[in-house]
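So, here's a batch of structures to check.
The two complexes that follow have subunit A in common; it is paired with subunit B in the first and with subunit C in the second.
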Partner chain A sequence: MITVCRIEDLPPGESIRVTDGVPAPVAVFHTEDGEVYAIDDTCTHQDASLADGWLEGCFVECPLHTAFFDLRTGRPTCPPAKYAVRTHQVSVENGQVLLRIGVAEPA
Partner chain B sequence: MRSITVIGASLAGLYAARALRTQGFDGRLVIVGDEHHQPYDRPPLSKDFLTGACDQGQLALTDADDTAELYAEWYLGTRATGLDTGSGTVLLDGDRSLDTDAVVIATGAAPRHLPGQVPADPAETGVHTLRTLDDAQALRDDLARGPARVVVIGGGFIGAEVASSCAVLGHDVTVVEAAPLPLVPQLGEEMAQVCAGLHADHGVTLVTGTGVAGLQGGATEGRVTGVQLGDGRLLPADVVVVGIGVRPNTSWLEGSGLPLEDGVVCDAGCVTALPNVVAVGDVARLDGRRAEHWTSATEQATVAARNLLAGSTVAAHQSLPYFWSDQYGVRIQFAGRRLPTDTPRIVEGSVDDRSFLACYEREGQTTAVFAVNRPRPFMRQRRELMRATQPVTA
Partner chain C sequence: MTVTNLSPSLISTLPGEHYTDPEVFRLEQERIFEAMWFCVARASELARPGSYRTCQVGRESVLISRARDGSVKAFLNICRHRGAKLCTQETGEVKRAFQCPYHAWTYGLDGKLVAAPNLTSMPDIDRTEYGLVTVHVREWLGYVWVCLAETPPSFEDEVMGAVAQRLGSTEAIANYGIEGLEVGRRITYDVQANWKLIIENFMECYHCATIHPELTEVLPEFADGFAAQYYVGHGAAFGEDVEGFTLGGGEGLDRIPGVDEEQDRRYYAITVRPQVFINLVPDHVIFHRMFPMAHDRTLVECDWLYLPHVTENGKDVEHSVELFHRVNQQDFDACERTQPAMSSRAYAKGGVLVPSEHHIGEFHTWHQNRLAHRAH
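Right, the complex of A and B next:
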């Protein structure tokens, strides 16, 4: 389990990229609705960081192209991305954002 | 409308075909492409594909499910040679033809050659252009023969990306640009200067203010040995890449009656002089402007499909030009429409760190945004600009 940051440091609408202690970079998002999600950071279409993307509801738009990923499932909603990114468990406990890296294949 | 033929099987053509199906067209859909390959993504050709960081399979824009869903007839390796709008016939090479009720023109653009240069097999001459997968493969093969003196003619984005990839591969690279500074029309002098600085940062020589008088070797005389500059200098070269822009592929439409002027002339909704013929992507000149951007091609496809199926222009392409370039490990992004008089202001980061966001301003209003290694704030600014752009209604 990885302590990402304090929840105050990740206000709604913001995201953070986690690179330490993970096999591949993970993007953690705090949506405007107050939910926290974690997915693989690298867009499956081309090399772009989803933590740099545009957060809209529980979707993130890849900063390079126009692919949207559903933060709940990791699935792209439209081309050009064809493959899902992996989702990871994330929770807020005692004010800390905690990340558990899943090994499951993309949904 | 029972049949639609899409001419061009690259990004714009594929997206148009998809959009037609998504928007409910269930008739006969034919896709004609002059390359033998299934649709693939071109931006990586000058970058990761050239360095070997990615391979052909990773460029695919479709997979088997996708292709099945599209339910189209594919004519790959087939060139359209003419369009008879009166009878609704698309002429193909090999004396073949297709009858169709409507046409999507998505034939893209082809690289310009040096004046007087007759295109020849790059494997024999060492003189390359870069547009297609086959072009990129030929260049990749040539670069794999060992350390080479590479001269890139043209300092635009393609030229800069190729130079960057060649430098990564350990070649000795020189970029030749006819203008005093590359990319000034796109970025203005101040930001163009920043991009020019990237070459020097990575040991690539940038020669500016001189055109190319000719090549030594490189045609019927066998492999290229040098590039003769307009100012008399001779640059020794083992490999030459010509990146001096493209021209839209419209010659097959001459005699069709469709207005052509640096592209297929369309209204803001991608509709040509005929309501059953639309044009998308690099070949389309919308409302007097032709874009050569990845994002425009995908956006236009949706609009074009809608108007084609409606039988008239009911939607316009609400465009905010956007493009990006990856070179020397730096991500460059630009969005908006700037006039030469708009002045850039660095709003965060610094030029020296090669990480900053600049907004171009006109009378206190932001007209465009430019970022070097600042994707996140760039996206915010781009979004704000998109919101500020008034929807165009036809």
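Right, the complex of A and C next:
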């Protein structure tokens, strides 16, 4: 379990890239609807940080080539990405954003 | 420029090579267009965040866009990675970012580097330092002005000051509320002539009775050959039987509310060096921006600006547009006829200016001084 940050430091619409204590970078998003999601940060098409991408509802658009990933499943909804990113368990407890890195294969 | 045996009535012009030599043009790009405030676009062209326009300023392509916070930004239109031109269209709209079509370096609307392939493995790259190169920008009269100089000259002195000097006061132009007018018509002229021929033409009216019959009909004093710009604070009076500044002198549109009695039924003309001409008449404003492209080619964008209710109600602006459109065509035809002759041996030492054109000599002195000194 990794403590990412305090939830007030991640306002709705924002994202954060986590690199410490994880095997590969993870992007954590706080959506405008108040949900918090975590996925692998690196786009499966080309090396780009999805935390730098644009959050739309519970989807993120890769900043480089506009691949669009569903934060709930990790699946891309359009080319050029073909493969899903992994999703990770994330929760907010006592004001802290907590991340559990899953070992499961991408959906 | 020393010419001997000149009659006392005459002063000399610049020699012909100043209009034909690409090296002179290169110096003008560096020391005039890239050093001074340069008017690029109507602010309303950048309607929403992400709206952009590109244009040529001196030797540079400049990208003007509206950021998320509603402000207008200007950048050199060049990717910081390997120098590819970033936006290749003249106008357009991006959703969230400008992306280089070469390696996909991606910049936010504030110019900051947002993303690039493998950027996360180069954490030492400062995203502001490798953001787009910013250019100074100002908005005035509803237009976007840029300055490519590192330290721009005072906008108040050079731009606002030039207008106040011609009109005799700073308030005179405010009466027209130009920032609140709307573009009723835009015509772009691709003129095969040096930009200085166009400025010189605009500054004098010695040609008016010969090539502008329609204009002289509306402004009879122009037949005497003295341009409104010959004086300070002088507006050329409409002819007695003229109702409006239209082709044929027929009725114009509603008078702009701020225009005072002294300004009513008069035509004012202003040159803001190096590339803006403004004409003020009671019911509209004609705003020219020149984009010098080469020593023998100049693009001129001309906007006819009207009160919002005129454009919104689809009122007929045709008669007012047509008058100055004809004047423009007549002027630019004359400039295009003159350009090839600039390389004639008959013009090697230049031509002459008659008394009603002598104020053009001051433009030539200014031009020579600008070229003599390196841009700072």
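The definition used in the following text is that the second predicted complex is superposed on the first by the 107 of 107 C-alpha atoms of A that agree within 3 Å, B and C clash if a C-alpha of one lies under 4 Å from a C-alpha of the other, contacts with A are read in each partner's own complex, and residues count from 1 in each chain.
Here, a residue touches a chain if its C-beta (ideal position, glycine included) is under 8 Å from a C-beta of that chain, and two chains touch if they have at least 3 such contacts.
This one's a predicted model, so the numbers in the text were calculated from it and none came from an experiment.
Chemist: After the overlay on subunit A, what do you see for subunit B versus subunit C, clash or fit?
Modeler: Taken together on subunit A, subunit C would clash with subunit B, as the superposition shows.
Chemist: Using the touch definition from the top, say if A:95 reaches subunit B (first), subunit C (second), both or neither.
Modeler: The answer is neither, since A:95 touches no partner chain.
Chemist: Considering only touches as defined above, state whether A:57 meets subunit B (first), subunit C (second), both or neither.
Modeler: Once the two structures are laid over each other on A, A:57 reaches no partner at all.
Chemist: Which holds for A:47: it touches subunit B only (first), subunit C only (second), both, or neither?
Modeler: both
Chemist: Taking the superposition on A as described, I'd like to know which of subunit B and subunit C A:65 touches: first, second, both or neither.
Modeler: Once the two structures are laid over each other on A, A:65 reaches both partners.
Chemist: After lining up the shared chain so the two structures overlap, which partner does A:25 touch, if you call subunit B first and subunit C second: first, second, both or neither?
Modeler: In the superposed model, A:25 contacts subunit C only, not subunit B.
Chemist: With the two structures laid over each other on chain A, which partner does A:82 touch: subunit B (first), subunit C (second), both, or neither?
Modeler: A:82: touches subunit B, not subunit C.
Chemist: After the overlay on chain A, which stretch of subunit B ends up in the same space as subunit C: 183-191, 201-209, 219-227 or 309-317?
Modeler: Clashing stretch of subunit B against subunit C: 183-191.
Chemist: Would you please give the residues of subunit A that touch subunit B in one complex and also touch subunit C in the other complex?
Modeler: In the superposed arrangement, which is not itself an observed complex, subunit A uses residues 46-49, 52-54, 63-65 for both subunit B and subunit C.
Chemist: Any idea which subunit B residues touch subunit A in the complex?
Modeler: Against subunit A, subunit B makes touches at 15, 18, 41, 43-44, 48, 61, 63, 66, 294-295, 298, 324, 375-376, 378-380, 383.
Chemist: Provide the residue numbers of subunit A that touch subunit B in the complex, in ascending order.
Modeler: Per the stated touch rule, the residues are 46-49, 51-54, 61, 63-66, 79-80, 82.
Chemist: Where on subunit A does subunit C make contact in their complex?
Modeler: Interface residues on subunit A, with respect to subunit C: 17, 25, 41-42, 46-49, 52-54, 63-65.
Chemist: State the interface residues of subunit C toward subunit A in the complex, per the touch definition above.
Modeler: 96-97, 99, 104, 106, 114-121
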